């Protein structure tokens, strides 16, 4: 297909992919940038403004009167409004009614006789003839041009949460077998549904499709009852890893069987026949021919199932529990949010932390979705 | 275990109650599972409290919570694997659990204890009494940790700058609202946004206004639908709220912004430069959403949402919310934990940290960590009427559904008659 | 790291146990009904028996899991839908009567139809286009990964992201939602997008499309890669343009896969409630069946009867898809 | 004894009948070649023998046992597919070794046999490649090698040489002949389009047409004594020239008048009743000789001359409508286009068919 | 003018060089046939001309314009693929119509051309079927039909007839020849393994071997005067017999002594310096005649007799080690296995190659 890539159309292709990628990435980019911002900024200005110098109206409290020093018989409080950050002040004021009443360098006379001077670099000085009282500093309103500022605090907060490492391992312990076991089980079933002859095959396929739709929430209570019963009967805890693997398997199977069966049914018949003539049993054909050739489908499904189990919270807390030892990563991160939610800075950062592993899985499996696995095997259209 | 306050060290605490409790119980080798609504910082605070229980009894305590705790507790109880203790903030949900027989009654002894030891004891007993599966009313919960909702937040320095006074009556508050507009400012920040729960902050407004315009009995009838939602008392309260929220000049961003502003973002307007607004009605938890470093009492403060001078016979009603602890699995450890919650120390330890109010008279008010908490505690103790958040008392479909939606529609432009008719229709549907 | 060790051991044990089942059961079957080395009628009898049994051996774990985890709950749902809120008293069809009289339910059905029309079509189409386009450019894999990323974000995360997109601030103040920022930049008035009745459905759909396109893309790109290269070359020689090759040669050859993706997303649309729950919880006339069911099921202690009745409706809605699939499957078998 | 018996074998795909009842006895060790026009059902028949296609009707017996329902792997067959059917994910070596691995042969044995087969088929260089990196012919050789490696009771070949170049085709053909000789007990069934393959390899040739058997017999028998017009025209390349004729004299020899006016006398006895009937006269292109004698069979104008080196093909138009008469004359002939040439042929090499296409010799 | 020029065309797949620099001038309307052993790069070369395979090095000119980077659709070509490459989702009719539909031909025109092509290829019955319901040969015919339907400047065929039966093959071959005649301006490039196809169709044959050209020339030229041993052995079936020899006498004619003791004198002039050098003596099987004269070329024992009807192949073992000498004698010969036979051949038909394989005639 080398010919096609050289046509002028290819520019259009590049541009349209670029556009789509931009559209798809933009919201996520917003999330990423937001997760690197100061949490108070999040709700005040758009994330894209974080990338450029912006003019902001700010309030800052001056140092408390306790820090005043006596100089030439006057009492003085020093400080810098920008607290070591870059930026420049273009106006200031001391009253919320007139937050930009003064230009930098001017001296404002406060109500109680003190004098406030703010310079463009943010440094200020409050001078008073008498000793200043109180514990809280004077509020200073100012307008400043602030360059972009980012912080890793949100990530630090999330990553330093207690038990996060254990939860990480828990999540893996849940997700890995919950991905592999269904694939194995579904692949066998899909092969039988695609290539073996037995009565009732078509009906079974339809049932599988129908089961795709069963709402997960419906199943939770009956199943947990069952688990409790089995657990009590066997004298083991009801909430175990085996239980959650099986649950994830059960919920993931319809999709897996459906995807894999459709893929397998499309494999060239001659190859299967050839193996059959070669003396291979169904088991051999499945393991040695069909499985390797179904890699694209297996990989696709593995990605989805892993994502689903990794990001899942509901099944995990129902079938594994919410205790400190069992909590999966998603559960742990959600618990970091206060009881009333809304800690967006934590949400944004943890969303990115949970994304990393699935993306690694996607990258790792993506190369198995290669073109032309069947190339050269049979001829003819 | 690591105890936050060393027993015996700080005289404000009632260490004696702790020592006594310690003598009475030995639960070594037993486990206690508690399922509660607190996560994040709240969870850490609660952990500091139950550490004393663990210290006293030697029990192996497992606390867990979940974002979907509401759903989680339904699943767990229904499936037959409940925790020992469930702590929930929703009377509606508790009523449902009780009616399905998943809760263990706490008995008359506890009822008596509540009457004796909690301020406005009867309101608390009423709150914690539900019908069991046979229809008999029983005490199922122990109220623990209360939020006061009848608060209006403001920035004292902004008031100073503009020369405003804290209003003492509702009439003053309305006058202040108009004055701020006259001065070219915007008085209120109201945000109803809360994702799927959008609308609930408005229900607090309506309930607060209901308590200030109607006697508590009407309020009680309202939440049980003994009077219809379309009753003039209810539409009146709605319209009163409409006076504040449905006036583009009174609210930051105009009426349209009310529905779409998240309740967590809404108070930030108080602190902007220049201030987007001067007043904000919200419960005691809201300081968590103030800008970092804001000191309550200094940078921001609150006053009691005043009552109408014209209706002085209604006194100082207080709207609140809170959590109730219940036994979902009757074990000695669970019983012991309920007993623990009756000790002053179980309250004081949390009081000494933050965001905890209690009507428990024996808990030393001096242990409150700061002045604002103490002030809230006083509001609670001084209340002539205490009423639990009405929407929490209503059935979930209403209190956490139709009522919210209705309020959104109300702010969006529908009339109070239309809205209440809609809610009543929904209520009829679930009867 | 004892926890890590434990994790690895359990994982291995779980996976190996599963593999062991298949090996052992097949081995056993060949042992009990041997045909290799035997001859005559006995061998062919054994063979008939074992080839009748083997498919079921292959499917047994899957069927068991499906039965326990999905079929049993289905029956349970049907049972519950005929009972009252606590699941104890039989109430006949009254839950269904209630349902069809309920305005919210009708609203949900209407919205669900919208979703069913729009989301599968748009996601599949975009996924297909992206899969085809990215196969032709050197940075295709990077592009794919970026477009796939939303799949990896949990619904909670996605909801946060889109809140930032749709956020609304009053006219005049600074917009922090990019959509409103763009609108105001071009001189329009900001809108509270998710409160605009009817249209807000589409804003919610965009989120699911944003997520599901990655799914469609991955599956379809695997299918596209399976198309025999020669047929594309033949089309190139026949003078077909890129677009013509795409629509006339590639798309028809992967029709089956497109149907699979479509079916899947359709079913997902029927099931998905997280987005609606997190963004609007059905307010402003955005209710959908799945969220309505969730609502009835768990909100305030739950009404299992009505929740289950809605679940039954959701399940009934897939019947056409099931029939269509039975037809497909039998057609295939007929050809063998 | 690994004989193969086909009893009234039938096959339909849905409503389309493609095999209409085939009866055939194949002895153990025989080399049978199926020939027939494209689409006549050769592959289908082979696939039914292999067990890959369900048999719609009739019985298939191997060793006297009915195997209609026995799976392919138990029938003791090896098959080379018309469409390669290589395992795309395995190298050439693995493709060839697969069957033996399944049968749990020893590693050395596998290696020996694979290498031997690869040597024969000139594939040694490619053993480590995947099928997709092979040319069409190479792929087909791998498919043959895969079958050779196994030691089946019945060997099925579906046009195994159709993608090979002439030299390799000859070499592989000889290799297959040797194989057949070496494995004297192995029955071979071979589908081909190639005359030379059919003639050289077959013990017996089965000529199929539209799902039924036209004639079965040893190669030369079919060539010399075709039962009917179909077989006569099908074997031999270019095909036998057929000229409409009518019988003018009967007896020990028969005289016919060809269309266009020439007459010919054939060494075929006919009954008196045949006189006057219309018939088809046939003569193979290679049996025609150029003559300058007066005693010629017919004369015609050459319209095309194809010099192939070894032989020259002359196309004579105008004798029979639509179709040219073709003559195949050895060597390079100095005949020019447009020249008029006289042809003759040996009497014994002339064929005559009645109006239903049946040969008078076979009656 | 639609000439095609290949200038030092090269191709490598990764590190593997498969085409090593091909120079070739093709005139407009010429019919060029590529032949060569399997895997020598014929398909690859064709695909490069079509634009389906990138050209690693060298220039490809159509009409004097460099088209290395021109997409296939702009080169004005039609191609028949070795592996059919039918569109599996379209019926036969649609497959054939596709190109024309793309070109927006009128409905009637499409229908006319498709039906005409189908008629020629005996596909009319199958027009409504999908490719998967066709036999191998039928599929290949559809592929040819698809190309015929278009009216390209350059026609590329990659072994288009390899799956057809003899009769159909001849018919299709003649059809292609007619096509070439009708479309006299259309250049045709044809890859085949079939000698007959190559000899009959080609204006010029290009013999390829391992990625380079061995000889280019008119068919008979290659057959009669192969430049080298490779070409000599490659063309003709069975291949030319080659016997090691040494030159004993030089001059206007050359005398060689064959391995095994016989001597032969050839009508080839050699320089005196060649005397004593070792050489290869060649004679085509079809040039051998059986003789009872004393003046014979060599004598040998027949080990295999293959009677093909039209000719008989005699395999004479023992003269050259490993390889039998083959003689192709017209007709059915009454020679038995084990008989000793004497062979002779015309002087002008004998070939002599030097030790590098080069023909003495071509030196």
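Each chain gets a letter, A, B, C, D and E, in the order it is written, and its residues are counted from 1.
Following the convention adopted for this analysis, a contact is a pair of C-beta atoms (placed from the backbone, for glycine too) under 8 Å apart; a residue touches a chain by one contact, two chains touch by 3 or more.
The shown structure was predicted, so the numbers you read here are calculated from the model rather than taken from an experiment.
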Listing by label each chain that touches subunit A and subunit E gives C, D
If you average the Cα atoms per chain, which one ends up farthest from subunit D?
B
Name the chain with the Cα centroid closest to the overall protein Cα centroid.
C
Distance from subunit B to subunit A - Cα centre to Cα centre, in angstrom:
32
Averaging C-alpha coordinates per chain, one finds the centres of subunit B and subunit E separated by a number of Å equal to 94
Counting only Cα atoms for the centres, state how far subunit A is from subunit C in Å.
20
What positions in subunit E touch 2 or more of the other chains?
51-52, 71-73, 82-88, 136
Multi-partner residues of subunit A (each touching 2 or more other chains):
1, 3-4, 7, 43-44, 223, 281, 313, 334, 372-375, 379-381
Residues of subunit C that contact two or more other chains, please.
51, 228, 230-231, 233, 236, 241, 297-298
Flag every residue of subunit C that touches subunit A in the complex, lowest number first.
3-4, 6-7, 10-11, 14-15, 18-19, 22, 26, 30, 51-52, 54-56, 58-59, 61-63, 65-66, 68-74, 76-77, 126, 129-130, 133-137, 140-141, 143-157, 160-162, 164-165, 174-178, 181, 210, 213, 215, 218-219, 221-222, 225-226, 228-233, 236, 241-242, 245, 256-257, 260, 263-264, 267, 270-271, 290, 293-294, 297-298, 307-308, 311, 314-315, 317-319, 321-323, 325-326, 329-330, 332-333, 336
Listed in rising order, subunit C residues that touch subunit D in their complex are 35, 40, 43-44, 47-48, 51, 334
Touching subunit C in the complex, subunit E uses residues 47, 50-52, 71-73, 77-79, 81, 83-90, 98-99, 102-103, 146, 150
Subunit D-facing residues of subunit A, complex:
268, 270-271, 273-281, 284, 288-289, 292-293, 372-380
Where on subunit A does subunit B make contact in their complex?
39-40, 43-44, 57-59, 61, 95-97, 99, 135-136, 139, 141-142, 220-221, 223-225, 227-228, 238-239, 313-314, 317-318, 321-324, 327, 331, 334-343
